[in-house]
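Sharing a structure, written as structure tokens. Questions coming.
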Amino acid sequence: MKTFNIGGVHPHDNKLNTEAPVKELPIPQQVCVMVSQHLGAPSQPIVKKGDKVKVGTVLTQNDAFLGAVVHSPVSGTVNKIADIPDASNYPKPAIFIDVEGDEWEESIDRSPDIKREIELDAPAIIQKVKEMGIVGMGGACFPTHVKLMPPKDAKAEFLLLNGVECEPYLTCDYRLMLDHAEEILIGASILMKALGVPQAIVGIEANKPKAIEHMSEVAKSFPGISVQALKMKYPQGAEKQLIKALTGRAVPSGKLPINVGCVVDNVATCYAVYQAVQKNMPLIQRTVTVTGPSIKEPTNFLARFGTPVSAFLEAVGGVPEDTGKVISGGPMMGKSIMSAEATSVKGMSGILVLPEKQAHRNNIYPCIRCGKCVDACPMGLEPYLIASATAAKDFDKTEKARVMDCIECGCCQFTCPSNRSLLDNVKLGKATVGKIIRARNAK
Amino acid sequence: MNETIINSIWLLAALGLVLALILYFVAQKFKVEEDPRIDLVADALPGANCGACGKAGCRDMAVQIVKDPAYTGCPVCNEENVARIAEILGRVPEKKDPMIAVVRCKGGKVNTEAKAHYEGLQSCSYAAGVMPAEGGCPFGCLGFGDCTAVCAFDALHINPQTGLPEADPEKCTACGACAKACPRGIIEIRKRRDEDGRVYVGCMNKQKGVYSAKVCKVSCIGCGKCVKTCPQNAITLENNLAYVNDALCISCQACVDACPTHAMTIMPLDKKKAKAEPEAAPQTI
Amino acid sequence: MAENTKWVISGAPHVHGPESVTKIMWGVVIALIPSFLVSVYFFGMQALLLTVVTVLSCLVFEYLINRFFFKRPCSLGDGSAMITGLLLALNLPSGLPLWMAIVGSLVAIGIAKWAYGGLGQNPFNPALVGRVFLLISFPAAMTQWAAPKALFGDPTRWTDALSGASPLGFAKEALKNGVPADKISEMMPYSDLFFGNMAGSMGEISAIAILLGGIYMLCRKIITWHIPVTFLGSAFLFSGILWLCSPDKFMDPVFHLLTGGIMLGAVFMATDMVTSPMTAKGKIIFGLGCGILTVLIRTFGAYPEGVSFAILIMNAFVPLINRGSTPKRFATCK
């Protein structure tokens, strides 16, 4: 079975209650829609207090190339525009909407039929994807239309669908592949048409045999799309590792997937593209896994954006007594949040509740130079060296140790027997070296 | 036996002589003429090699000072150092206001309530990427001591009671290393004003008053009372945050008395006029 | 909402793997048990006493240095001092005076480990430094091997019962006196050497016990195959080449693998994480160097045994090897 070639770790996958169907989360009384939910230039709100909005009404504008707009996930009245903390724990502007009923824009096709024929041509598809605010839903929130416009000197050859879901605990993509395989693959066909590529490969890890089976079955009726089972190994869902696993190509340092002819999109993104292009439906909701060892019934919820974390937690029976940490995303790369005020956004794939026992960092021992971090690094770096150089503020050395290649997957820190804060140091080094490089380039 | 001893003595003596001669001629050949004043100036500099001047070290700085009469000089020298250097070089000692590092945050453990518990790398620069301060203020001091770690003069320490850094006026040379190290730019180099007291806003929070008041008891809420009371027009209000212009301030303390949240600060504390606050409100620095 | 409890904030990753320093150290201790039992079996209570004294004195020195010199929290819990003690004991002859063992422990813990800053900082393997210190300081006592109890045969046929030479020492002496190598091999059957029925340091005699421990550590992923295999392989090849060149003057390669401390060294000493390279490539270079140096010292050096010296010499090269053997970078390999 295929996988990427160097490094990687095997965390326990902890996929809990995977067979339970996706539940629709009731729309809360008030939603707080973050103004910027993508990677790139921030958006500006175009609604003001007192405005009436419907589901699908455009709330923000963004003229930047690397920009994405946000649509109203509910119908109601804009209450205010104010700052609330997001998953980064920093206050960011959000649009508060008081919910009244559930009235949708007329242009949205809400019928349950699946529409296979793709009527739009490539430029129209890209325009549609941009208008509907589609961003990468794996977590990075990179605006999808940008990926569909490769630079002149690069040619896309493969579309790779990321159904790996290598993060422990998360099951939202798995459920989506079981419930909406056909839509995902139509979405993939749309992206293939937009990119002009003949071939698409869906990568799914071996711990999801049902999804592999179902997707392969459905893919038979889609020419050019194949499903590839992958050996379980974290971080297979990382872009570079997935490309390596599926095509054998390696994205060189500092280059993008398109430089080796690949475009990678999450299966959830494909589903969103399907809905945007075929159903005219903007990105207003997503599947969110609410899970954790202490949660009685871990569930996948279909929830509108702007729903506070507290509403998700109440839906699974409230915050357990012994909760020590709440994470937006998975346990390997997710962000721990300070309060349940934060609301769901396009990139929030899961809410993981860890009990007190698992919430803390372990005691740190001296580095015993075992080299396990070196073996685990999927980029072939030496995390111990980067970390120690950063701690010594020797940023020249940090840079020479190729810190900028780090994908921040956390394998080094996961595997370190001395429980050292390797990734913390590496990230600090990466941020500092990034600044140094930018300052140097500016000269 | 005797012969061995004598032979070795001769041999070693001859060897020593030859090598000494070589050393002598090489030293003559590669002699570097250097201004003797450089060493004197280097001795007069503080010698901490703190790097505040941007030179490789104090000696490098001495070379620069001796070479260039217009060079303004070492930013961390005290008056005594400056006077000695001036004497060595026969120049007029440059007059400058003594400065000190000022910490513009009074949140810390006492005035903000921790809403979460941080674990991991004890570094402000890193922790700032994961969270605001533990109390929730996105502009406040994180308290992990990036500033104290870079202080070459052992002048900055985290006060365990408040969790905030404090500059020791005896030791601080205002080199500015801490100000550069702080990821939030909380530390500013301001005039000392040891006699009258230095007045500054002990807050960096640019949020609206409602929010900043929510996270911290002594935040600047941007009410503008200080702006109105200042007789010198030294205070400006921008982004909900007041700022005292160091050049215009006369340490009259009108703003300190007017500030409703005690964000406006005067240091040293004993310079605070007794009449302003007969019963000292609970306040920490 | 239960908001009264403060949640923990930290950077990713939020989960940690099963590995820990303590588990690794105790894993090594478990792996050493077979060798320890064999030494007690062959050398009796004396061996047990020496081991207990060495381990205890290592633990005591570790505690005292931490407590009174560095004033750091106690580090006995990580088990590293225990391993140093055990390994040192297994590297000593069973009849060594106890006070010498204590001196060795002091050198191992105090000089080889804590003088450099404690666990993880020492460039040289502490137990080996302790052993080499004793070997150079007390050469007579360190080469007085008590003969093992007879079990599978009569060991006294090639040496006298009280204080025998180790097979390597015996072979070296015999070769010097012009006895052909094959004659010497005949005197010492491989089965004896394999099971440990020979004179030598407590832990080095039984190849099978050491291999058992090695296999355990391999399964637990405490060590990788690189160092033991390349160490033994290169020693085998190099001694084999010498033997093929002149079978009369040099002992055969199997004899080299089964005698002396090479098994113990390759499996337990050279694989010490702290003092061995990080990457697979580096480990292979390290193993090769150890193997070749061992055979060089054994055949051409003054000492009959060279494993300790070989490993210590290679230890010194580890920083260099680490710099030269960076891992395969992503996207620079096919």
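Note that the chains are named A, B and C in the order they appear, and that numbering of residues resets to 1 at the start of each chain.
The rule we apply is simple: contacts are C-beta pairs under 8 Å (C-beta built on N, C-alpha and C of every residue); 3 or more make two chains touch, one makes a residue touch a chain.
No experiment lies behind these values; they were computed from the predicted model shown.
Any chain touching chain B that also touches chain C appears here: A.
Note on interfaces A-B and A-C: more C-beta pairs are in contact across A-C. Across the assembly, the mean Cα position most removed from that of chain C is the one of B. If each chain is reduced to the centroid of its CA atoms, chain B and chain C end up 53 Å from each other. Chain A and chain B have Cα centroids separated by 43 Å.
Remark: chain A and chain C have CA centroids separated by 49 Å (rounded to whole angstrom). Multi-chain contact residues, meaning those touching two or more other chains, occur in chain C at positions 7-11.
Annotation for chain B: residues touching 2 or more other chains are 115-116, 119-121, 126, 129-131.
Among the residues of chain A, those touching two or more other chains are numbered 89, 335-336, 338-339, 360-361, 421, 424, 427. Put simply, chain B touches chain A in their complex at residues 115-116, 119-121, 123, 125-126, 129-132, 136, 138, 207, 211. Of all residues in chain A, those touching chain B in their complex are 83, 85, 89-91, 335-336, 338-339, 360-361, 421, 424-425, 427-428, 431-432. Those residues of chain A whose C-beta lies close enough to touch chain C in the complex are 5-6, 9, 11, 89, 168, 240, 244, 250-253, 310, 313-314, 318-319, 321, 323-327, 331-340, 352, 354, 358-362, 365-372, 374-375, 377-382, 384, 402, 405, 408, 410, 413-419, 421, 423-424, 427.
Note for the complex: chain C touches chain A at residues 1-3, 5, 7-17, 19-21, 23-24, 78, 118-121, 273-280, 326-333. Put simply, chain C touches chain B in their complex at residues 6-11.
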